[in-house]
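There are structures below to look over.
Each of the next two complexes has subunit A plus one more chain, namely subunit B in the first and subunit C in the second.
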Partner chain A sequence: MSAIVRRLKELKNYPSAIFGLSIIGFLLVLSIYTVIAIPYSQATKLWRGADQIWIENPRFARPVFFDWFTPKKLARTIIVDSKNNPAAKIVERHEKDVEIRIILEFEFPYDEFPTEINLFMNTKLPDSNMYGTFYWETPDGRKISLKRGSIKARDSYEMSQDTALRRRLTGKDAHIGLFSKPSNQDDGAPLKGKYKLIIEALSFKPDDDLDARLVVYGTVHGIAGTDHLRRDLRVALFWGAPIALIFGLLAAVGTAVLTMLIAATGAWYRGVVDGMIQRITEIRMILPTLIILIMIGMFYSRSIWVILGTVILLGVFGSGIKIYRAMFLQVREMPYIEAAQAYGSSGSRIIFRYMAPRIIPMLIPTFVIEVPAFVFLEATLAFLGISDPVIPTWGKILYDAQSRGALYMGQYYWVVIPSTFLIITGLGFSMLGFALDRIFNPRLRRM
Partner chain B sequence: MNDNEKIQRSNLKRILRYFLIRIIIMAITLVIGVYVVILVANMGGAVDNIRKSQIREAIGTSLLGDEVYRMMKPEEKREYVKMLEEVEFKRLGLDQPFAIRSFLYLKQALTLNLGNAERLTSDTGSRQVRLIILERLAPTLVLMMTAFLILFFVALTFALFLSRRYGSFFDKMIIALAPLSAAPAWFYGIFLILLFAAVLKLLPFGGMVRVPPPDNNLEYFLSLLRHLVLPVSSVLLSSIFISTYNWRTYFLIYSSEDYVEMAKAKGLSSAMIERRYVLRPTMPAIVTSFALSLIAQWMGSITLETVFNWPGLGRRIYEAINNFDSPVIIGANVIYAYLLAITVLVLDVIYAILDPRVKVGAGGVRQ
Partner chain C sequence: MQDSVLLNIENLKVYYELRRFGFVHAGYVRAVDDVTLSLKKGEALSIVGESGCGKTTLAKTILGLVKPFSGKVIFDGKDLTDLDGRMKLWYSSQVGFVQQDPYGALPPFMTVKRILQEPMLIHGIKDPNEQMARITKILTELKMTPVEDFLGKFPHMLSGGQQQRVVIARATILNPKLIVADEPVSMLDASVRVEILQLLRQLQKEHGIALIYITHDLSTVSYFSERIIVMYAGWIVEEAPAQELVENPLHPYTKALFEAISDPDAENLKTFKKVPAGEPPSLVNPPSGCRFYPRCDARVDGLCDRGRPEYLWVNEKHRVLCFPEEQKQRFKT
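Presenting the complex of A and B:
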């Protein structure tokens, strides 16, 4: 054991190992932070997006840091709520009716048009039926009539989908038309300044009340952007780290240890046992791993644990078994094994206590190098649509992005950010693994 | 001369016998492999359900125009359909225990006689699984074979080049780049599409030829080449560094052997030393390592074709997953088992030609 520790200390002489270790350290810290900050139950709930949790997020928004690389000021989401701003609302109560006037005022300082405008309204009484008139006032004083109509208890007005309004705005969508400069000085950029949305509502129930929330959706959001369902990609990006680490490490350790033990068993007992193991390895070689996993995912279960178990089972009789077997055949002939046999130790004792520990130094680099393969295997399965339905992962973001043609639509952030996380994880483990390989396999070090 | 001929003839005999044994072993392996696939698939009852629902569908269609059936009462109808189903199950042997049934499925799977797909149709409109899968085989072979051949020769050339310049800048660069091979081909595919298709607009996003396909053969070929550039590059990016790194290490190990020193002392040209004393004994090891990477690449073709919208087997599998089409997935398993078995066999043959031990008679029982 101390020999292993001594060799591990050599790692500090390899810059690539230090780089790899710092990446792994970063992923560990990120994983621990994620598990504490966004607990599992909350993460799955957020990712499912139930109860319109994400309704105030824009669709397909880029991450906020895109702002740093462009001289333009990218549009962020503006939310104005009459509840937080009592001065915005004037209520005049009469004997038989009530008149409510809400003015939602906001500053628009951006160089880009917003992507959508929604107005959410709540009345106080559940069965009220108000009548409302909606106006829009631009900074240069133009007043645009939006619509007239009844307001239900929980109502929303999606201005960008209002076709009548689009006609009035000379064919422009509301989020562009309402922010454009007057037609004689239109230069394709939005008009900056103070905008107002005015709601004049009338209800024949005197104790009724109305609250309105205007959401002007921007083009950037959060540190990771959002997807087609307005979900904040941060959730999946952060949760991807612990999932990738757990899946990669468990699969790599499980496969490496079991493969080694099976190879040792074969080398020790020889004969029929060895022959069987060899034949199974050959059959395993022509089994298409990925499609078998797809089959398991489709016919049995998509739970990440079932997939992990199958991955280990299929990996156990992989190509590694021949390499280990060759090593064990040498170990088997060593005098200390003969000594163990002489004092009467059983076959399993020799395998576990004497043969396996001998190979562990070779095992360490192999399993570190194998980790990225399993991380990417999980991403590949998710990318093909075979993934645990509740857990957000990096592969799942890529699946969503790919199936909605993100690259074609120019939503590069959606692909690049999860990919960067994947490649960084892969590089971290494989750089460390290559350095370990040179330390533990001196033949390579001489080369 | 006569002796020489005799030796050659006996060599040929040995090699042929070796191939025959390998082919038989591979066939047995393949049968067992496909049987395992059937067992796994039917553990969830998938194969049984597919068969039964297809029989029910066939009976339902055949009764559509049946006047007598239409006049029956609902109960009689149900009885009648049940009777027909039972007869059909019995005729096809589906009433037998699974142990016997599984061999029936095995035979059907090996001949790719997998019945009809649930939702997918082939490009010619057929619903037969065999057609749906086989019509996509050629594009996959074109893509993967191009990639494999380029990968093999480029990596081999680089590895030889680097083994001569041990410790040089390029050598260190390959060592530093080797960890990049941790990512699979499709992953690089995404980046290449982003760079060359989306940003630079130099190459197409995907597909095999431009739409509509050119009539002229030469133009068709050129369009195919243009569409091949990105997918083949992604396979190369994901494998070339690690292959070059590994093979260079083999070359370095073999070029420090005594007989190489001896050849140098004899004053042979370095090209001859390389060809005769370094490349030759390293080849079996290289072929083995290449075989393992090929097997991984075959699996990678599923995602690679999905990313590049390449109309091959992999893309079909992706469509089958999204349509939940079980017969196609089982069929894909079988066809990939065939592809892997053929790959292993071909490389075995190459191995036998390269490894002198097979020629001198140690063949047949290679450990």
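Presenting the complex of A and C:
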């Protein structure tokens, strides 16, 4: 063991190892942070999008750092709530009715149109039925009438979906038409300045009250953007790290160690045991791994543990068995194995204590290099729709992006960011693995 | 003195089966064929013979590493072929094995301490103090002092002689009754050979361990053992007390072996050594009759190529596998 530790200390002489280790370290820190900051139960709930958790997020928003690449000011989401702003609301109570006037005022400094406008309203009484009139006031003083109609207890007004309003705005959707310059100055850019939404409501229940929350959805959101269900991709991007690490490491370690032990068992006992192992391996090698995994995902279970178990099982009886067996057949003939037999070592002791340690130095770089393959396999399966339904992963973001035609729609961030995470994970483990390979197999150094 | 017999081998045959396509029987390699010998407690026995004569197979059979085809190996009154798992473990503590290649015989990833602990761990000596006491004792006897300097070393850090001492220490740490040394010095420098042999001999005498010393180096056997067995092609062709064999070798093969000993003598430049022509026979299809017959310069056609010779007992301790002189004379005429 101390020999292995001594060799691992050599890693600091390899820049690629340090680079790889820092990537892996970053992923580890990210994973630990994620697991603490967004606990598993919360993550699955967020990803399911229960209880309209994401209702105030824009759809298809890019990450905010897209600002750095353009001189334009990209539209952030603006939320104005009458609750937080008592001055915005004037309530006139009469004997038999109440008149409420809410003015939601906000500054719009961006160079892009918003993507949607929603107004959420809450009355005080659960069975109230108000009558409301909605106006829009632009910075240059134009007053646009939006809608007249009843306001229910929990109501929302999706302006962008209002076809009557669209007709009045000469065919433009509300989030464009309401922010456009007057038709004689229209240059395709939004008008900057102070906008006002005015609600005049009347209720025949004197003690009623109304609160309104205006959401003007922007085009950028958070550090990772959002998807078609308004979900913040940050959740899946962060949770992808621990899942990828756990899946990749467990699959690589499990496959490498089990392969080695099975190959050693076969090489030691020879005869029927070896024959069985070799035949199973040969049969398994002509079976298509991906298709078996897809079938298991389709017909049996998509639990990540079932998939992991299957990946290990299919990986164990692979070409590795043949390679390790060839090495073990050589080790088996070493005189020290015969000596160990002469002083009474059992078969299992010889396999674990005398044969396996000879191969472990070769095993360490191999399994580190194998990690990315399993990380990519997990992403591939998720991309094909075979992944745990509740766990957000990088592959799942790609699956959603692909099924919504993200690249076709120009939503590059949706594909590029999770792919980048996958690539740097692969890069980190590969660079570390190659450095380890050079340390443990010194013959490579000369090449 | 029947009770002092440690090891008794009776009509031992060790055949390796040859197979075609992995399952069709295609004959046997008769590595050891009908060997009978006995060994007393504390006795040193040498087995000599050229490469491929079956001496290593015989050693491995005695150690229990190779299963006999037929015949009996009786150790301390117990037949090896009947031993069950627990008794096999006991037996493995009773015999030590010293191999030819000291570096290959030591696991390269274990320290000297660990190497010496292994047999004790397997045989249930788990107390660290006792382990250390035994290790210290044996290494001191083998003149590897100070002991602490060697405990943490890996085999590749030791010289050939030191490696072989660790191998000997490992073979004797369980206090066995028998040590099988298979060419223990043939891979060492000439300079350390004598020292290692002396240490082995000393250890054997002090602890009363029986020793089977396998070699092809005739120059050391007479010094090293009380009795010598000469093997050829799976047979014991001659057995005699060491001194007697050196002085009076009877079998033509033994004679040829002694002729072939190199001697650092300038006179040897002028003479050619007589070496038996040809090669050892195939053990799959051994020659009919005497197996040495094709190379023998005293052969008698019509006799030697027919039947297997019987042992001739020259005296109580000296036997030779050859036809009696009278019989040969009769065939010659």
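Basically, the second predicted complex is superposed on the first by the 447 of 447 C-alpha atoms of A that agree within 3 Å, B and C clash if a C-alpha of one lies under 4 Å from a C-alpha of the other, contacts with A are read in each partner's own complex, and residues count from 1 in each chain.
As a working rule, a residue touches a chain if its C-beta (ideal position, glycine included) is under 8 Å from a C-beta of that chain, and two chains touch if they have at least 3 such contacts.
Remember, it's a predicted structure, so these values are computed and weren't measured experimentally.
Asker: Regarding the shared-chain residue A:285, is it in contact with subunit B (first), subunit C (second), both, or neither?
Answerer: It touches subunit B, and subunit C stays clear.
Asker: In the overlay, answer first, second, both or neither for which of subunit B and subunit C A:30 touches.
Answerer: neither
Asker: According to the contact criterion defined above, which of subunit B and subunit C contacts more residues of subunit A?
Answerer: Touching more of subunit A: B.
Asker: Touching A:340, do we find subunit B (first), subunit C (second), both, or neither?
Answerer: second
Asker: Kindly classify A:349 by the partners it touches after superposition: subunit B alone (first), subunit C alone (second), both, or neither?
Answerer: Only subunit C is touched by A:349; subunit B is not.
Asker: Which holds for A:316: it touches subunit B only (first), subunit C only (second), both, or neither?
Answerer: So A:316 meets neither subunit B nor subunit C here.
Asker: Looking at the complex, which residues from subunit A come into contact with subunit B?
Answerer: Listed in rising order, the residues of subunit A that touch subunit B are 16, 278-279, 282-283, 285-292, 294-296, 298-300, 319, 372-373, 376, 379-380, 383-386, 398, 402, 407-408, 410, 412, 415-416, 419, 422-423, 426-427, 429-431, 433-434, 443-444, 447.
Asker: Could you pull out which subunit B residues touch subunit A in their complex?
Answerer: The contact residues of subunit B facing subunit A are 25, 29-30, 32-33, 36-37, 40-41, 43-44, 46, 166, 175-176, 178-184, 186-187, 190-191, 193-194, 197-198, 205, 249, 252-253, 292, 295, 298-299, 302-303, 306-307, 317-318, 321-322, 324, 326, 329-330, 332-333, 336-337, 340-341, 344, 367.
Asker: What does subunit A use to touch subunit C in their complex?
Answerer: My answer: residues 3, 334-336, 338-346, 349, 353-354, 357-358.
Asker: Considering only the defined contacts, which subunit C positions touch subunit A in the complex?
Answerer: On the subunit C side, the touching residues are 60, 63-65, 88-89, 92-93, 95-97, 99-101, 104-109, 118-119, 122-123, 154, 167, 170-171, 174.
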